[in-house]
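Across the two complexes that follow, chain A remains constant while its partner is chain B and subsequently chain C.
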Partner chain A sequence: MLTSSTSEPLLRIDGLTRTRSQGRWWEKRFDCKALDGVDLTLETGKTLALVGKSGAGKTTLAMCVAMLDKPDSGEIWFDGYDLLSLTKSQHKVLRPRIQLIFQDSAAALPARFSAAQVIEEPLLVQGRYSAKQRSELAIELMLKVGLPPREANRLPHQFSGGQRQRLAIARSLALQPSLLILDEPFTGLDLSIRGQIVNLLLELQAQLSLTFLYISHDLDLVRHFSDTVAVMDRGRVVEHASARDLFRDPVHPESRALLACTDARSRR
Partner chain B sequence: MDVSGNSLGIVGAPIKPLLQVRNLAVGMFVDATHEIRPLRGVSFQVHRGEVVGLSGESGAGKTTLALSLMRLLPSSFQIIQGSIEFAGRPLLSLDEAELQTIRGARISLIYQDSAVLNPVLRIGDHLVEVLRAHCNWPQRRYREKAIALLEDMELLDVDRIYAAYPHQLSGGQRQRIVIAQALACQPELVIADEPTASLDPTSAAEIVELLERLKQRSQTAFLLISHDLNPLARLADRIMVMYAGRIVEQGPRGEILQRPRHPYTRALLACALPSNPASDLGVSKRPIPTIVGSPPDLMRIKPGCEFESRCQDRMDICRMRVPEEIEESPAHSLRCFKFGG
Partner chain C sequence: MRYLAVRFLQSVFLLLGVSLLSFSFLELAPGDFFQEMRLNPQISPNTVARLRSNYGLDKPMPVRYVRWLASAVRGDFGFSFAYGSPVTPLLLVRARNTLLLAGTATLLAWTLAISLGVLCAARPGSWLDHGCSLLTSILLAIPELLLALCFLALGVRTGWFPAGGMVSPGFEDFTSWHRMSDLLWHMVLPVVVLVLGCLPMLLRHVRAALLEVLDFPFIRAAFGHGIPRRRVLFFHALPASINPLVSLFGFSLGALLSVSLLTEVIMSWPGLGPLLLEAVLAHDIYVVVGAMTFSTLFLVVGTALADLLLFAGDPRIRSEALI
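Presenting the complex of A and B:
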């Protein structure tokens, strides 16, 4: 599961820049740098957390990695391929290997699909396996994420929030990805359920040597969940350190400000 | 407004509580034959100037309780039994006109989501609307009061904000407007339903600090609802923990946080702190504490204690009947057979 540190990291981002044109049609337009020269690396089987205020560029960065947004300049290397200059056939092979899990699972899952259909859909789109193999795999994935297979015919809204998030995880695992992008996957879950989902993802990571790019506001969880942390502010990564070092000794003022507000919250 | 001194910390007979809820039960018909009970026998009181925190998982009945106190329950909900007494008046037997003089003026509600702001009204109009509904003032004075309220909310550049539309403000600013609306008529009781839930941690911390300062400045009592224990730990004088429509434990903040009794409260507190900053500085990818299972489905409630199936300390009796409320100390009570029931 562990890769030696000399090998190429799974994900390497160099000088990534994304400019957005802002202002409404009656206003003068101006350019806003959503990403401004971001460099990051992420090893196989590890978790990189992106933290920062709203609007710092965390989601833009994740969307560029997921190939859902095109940066203006810079490079994204994923497992030896440059994601920004892929041929069509490479694209088809690589895209399934990067999957997303969102905050609001109720909105992210197709409302009229049964649980089994939700999990099978990515396989269907990719044209993988026969119908029988697909439904077997769906059952297997449901077991893996802790959903009872007898509930395979239920619709997403008939599950509780925690179970829906499990379903979203099962769906994202269907194509055997290497990189999971987790955009605030625990927000909106109750405390008692949040822990179950955290533990499930940690378990799956160890089992399947998954790599996580984890976007979060909750620094208590970041401390617990990730190996390295990148603090973002106005499109730049201002500090990138191991979670241990960052929480012990934050260097950049922005990191300090962020940590100060959790310390204040947990003061009792 | 009658100001009868701050009753903080004073427990017992001489001062009548501002809000007294007795044995409140609310039912809701899912269809013609199925009825669920979002609230089942809730009793508590709020004294003047006191901040009472209410915590629990989603579906525990927190919002149903808030809406019952405002008499704003949707028509599919029904109050089955119990009484709500506010400043000596029985809220449940008032008619709509009488309620109108209380709602927004003497009891007000801070909503969870600042989407309650009307997108086509300016911020100033939102505040003036509340004031005009409850005070009969000359036109000029509404604006002055609205500007003063915005200043109280520690907003900068209040004249610009007065004329702005909701979408031009940040989430934290919008939440401050919702709070300003609730406080506009200096109510005696403010019910805040998850006031920080939709905000990022930086703005959430600022809102908590603002509420802390407002609490010190005013005589207003707060019922602060939050599934997150952190804001309650900072703001509340007393904390109530709710599970499946019942208050399972209530007591002073210090006792609930440091000496929780009920197994659910203890499990909830263990989940709240995945890593203790003092003892564990390292990266710990160990499993974090959770409560096994999920909250009960209100459609399939069994006899006995609702928490029984997830409880670490369950006994045979737990499956048979619901534990009575017992008093641990004068201000601290809970429902659990382990402590007598």
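Presenting the complex of A and C:
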């Protein structure tokens, strides 16, 4: 485990388990352990990358942290609050602070809302802003993520993949989150766009002191983008180290296997 | 523009085809309107023959059809032998009555279907969901004929509702308030039967469409942004699931003149249903053809409206349209 800094970690996950029962009703049901005692910590302002094979439990973990799914047991501590036993008012306060960016931006945005409406909707629901303030904020956010404001009336499917992802980011930023969970946000984007979005996120992190939980398959990006890395395998965290240490000297065979794939690619 | 022209031509062909077919079917059926008269020994065959030629029934079918067509496009659908008056005003009055009934029932059925459908889809597997499922199965299994008879019997037995008809005797002397309440009182039973008849299918479709949409990522994303459940259901899920429902609604509109036929006959509601039935039995050709064509016109307009609604409602279709 990392040596803790003077401040408490923003996010602390203890022994999280989530079992899913699979199989149709005429088959024998078997239980699949999506999460099997996961322990993690994440410091404020840092980026933790979660890597692992498909089916390792990364997305399940992301859903649980984003409060979109309930784990069977364990604890998630966010800024001193236990996410699994929140009162209604606490939930209302914390909900905007943890946001999730999905992998497929086209599927994650409502198809009939214009870009401005997409960004304004979370603000509308909060009820704190007038219509004028909302549209001003929307324009501001569009500029911040690099979307031209004159496209504010366009629909999501009329944007390119990279622009859509920016729109999704703008929408999340509208709520002024502290923790942003990125579930493979760069898949499906070509390399140059990927670079732009990565730089955008890094800028935003510096400006707004955001904390990122970044889920990925792509270890090259992970190396560039994150401070610490946690390797998951079959629902458990098998290694958790700083990015530099992991890439220089992986301990667990799973980490070594993952790195071997990348090295083979980069050597080509 | 081209698309619209093609649609229009298709509709014209459909109308022509339906009118021709109904004309032909009635011709193929043995006998004609004056059949009854011929059996009466007191009327001489000469009189019958003269009556027939007066009404043009001795001309060959193609000639009669073309003549009918020529006047139909001008709005004159012919002459009714049984009623002794032009067909068009007769049709219009009856169609108005049918529309009143079927329109109210369709509106009510859709409102119920959407509200219940959304609630059931939001809580799949709940008591409400299973209850509605059971209800729809039972209603689908009961033929509309039986439903209409049962409700009519209920009305007669309890005396709470009139035993059919549209207005009570002396309607013309009622005050306008009394007229409206009388009309509504008469409408209750047939509307209930019609609603129970079409609700099951509508409810199932709404529920299925919503369930499919609720699995999509953007629903979860909306929850993640703190958007409350009700708003997500009605502003995100429902609009996304609306496309198949709009097409279905178009068919509902198109069927407005035909869906209530059976119920009208049983409940003696003076609409197109009883008119059509009587006319077919009496061989009143022009009424039958007129009613069929009218109904088909409605169907055509209804489906066209559905397509228009689809076009107007889904911004994605609009932006990619080639029109």
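In the analysis below, the second predicted complex is superposed on the first by the 264 of 268 C-alpha atoms of A that agree within 3 Å, B and C clash if a C-alpha of one lies under 4 Å from a C-alpha of the other, contacts with A are read in each partner's own complex, and residues count from 1 in each chain.
Just so we're on the same page, a contact is a pair of C-beta atoms (placed from the backbone, for glycine too) under 8 Å apart; a residue touches a chain by one contact, two chains touch by 3 or more.
Just so you know, these numbers come straight off a predicted model, no measurement behind them.
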Item to complete: Overlay done on chain A, so just call it for chain B and chain C: clash or fit.
Response: fit
Worksheet item: Who does A:Gln99 touch here: chain B (first), chain C (second), both, or neither?
Response: second
Practice prompt. Once the structures are superposed on A, label A:Leu191 by its partner contacts, choosing first (chain B), second (chain C), both or neither.
Written response: first
Worksheet entry | chain C, chain A and chain B - angle at the middle CA centre, rounded to the nearest 10 degrees | 80
Discussion item. According to the stated criteria, A:Asp220 is in contact with first (chain B), second (chain C), both, or neither; which is it?
Written reply: first
Worksheet entry | chain B versus chain C as contact partner of A:Arg171, first or second or both or neither | second
Worksheet entry | Touch count on chain A, higher of chain B and chain C | B
Practice prompt. In the superposition described above, what is the shortest C-alpha distance between chain B and chain C in Å? Please give a whole number.
Written response: 5
Discussion item. Quick check on my understanding: which residues of chain A belong to both its chain B contact set and its chain C contact set?
Written reply: none
Practice prompt. Give every residue of chain C touching chain A within the complex, in rising order.
Written response: 216-218, 220-228, 231, 236, 239-240, 314-316, 319
Worksheet item: Given the complex with chain B, which residues does chain A contribute to the contact?
Response: 53-54, 160-163, 190-196, 198-199, 202-203, 217-221, 223-227, 242-244, 247-248, 257-258, 261-268
Worksheet item: Touching chain A in the complex: which residues of chain B?
Response: 57-58, 171, 200-202, 204-205, 208-209, 227-231, 233-234, 257, 267-268, 271-275, 277, 281-285, 287-291, 294-295
Worksheet item: chain C touches which residues of chain A in the complex?
Response: 66-68, 92, 95-96, 99-100, 102, 104, 107-112, 121-122, 125-126, 155, 157-158, 168, 171-172, 175
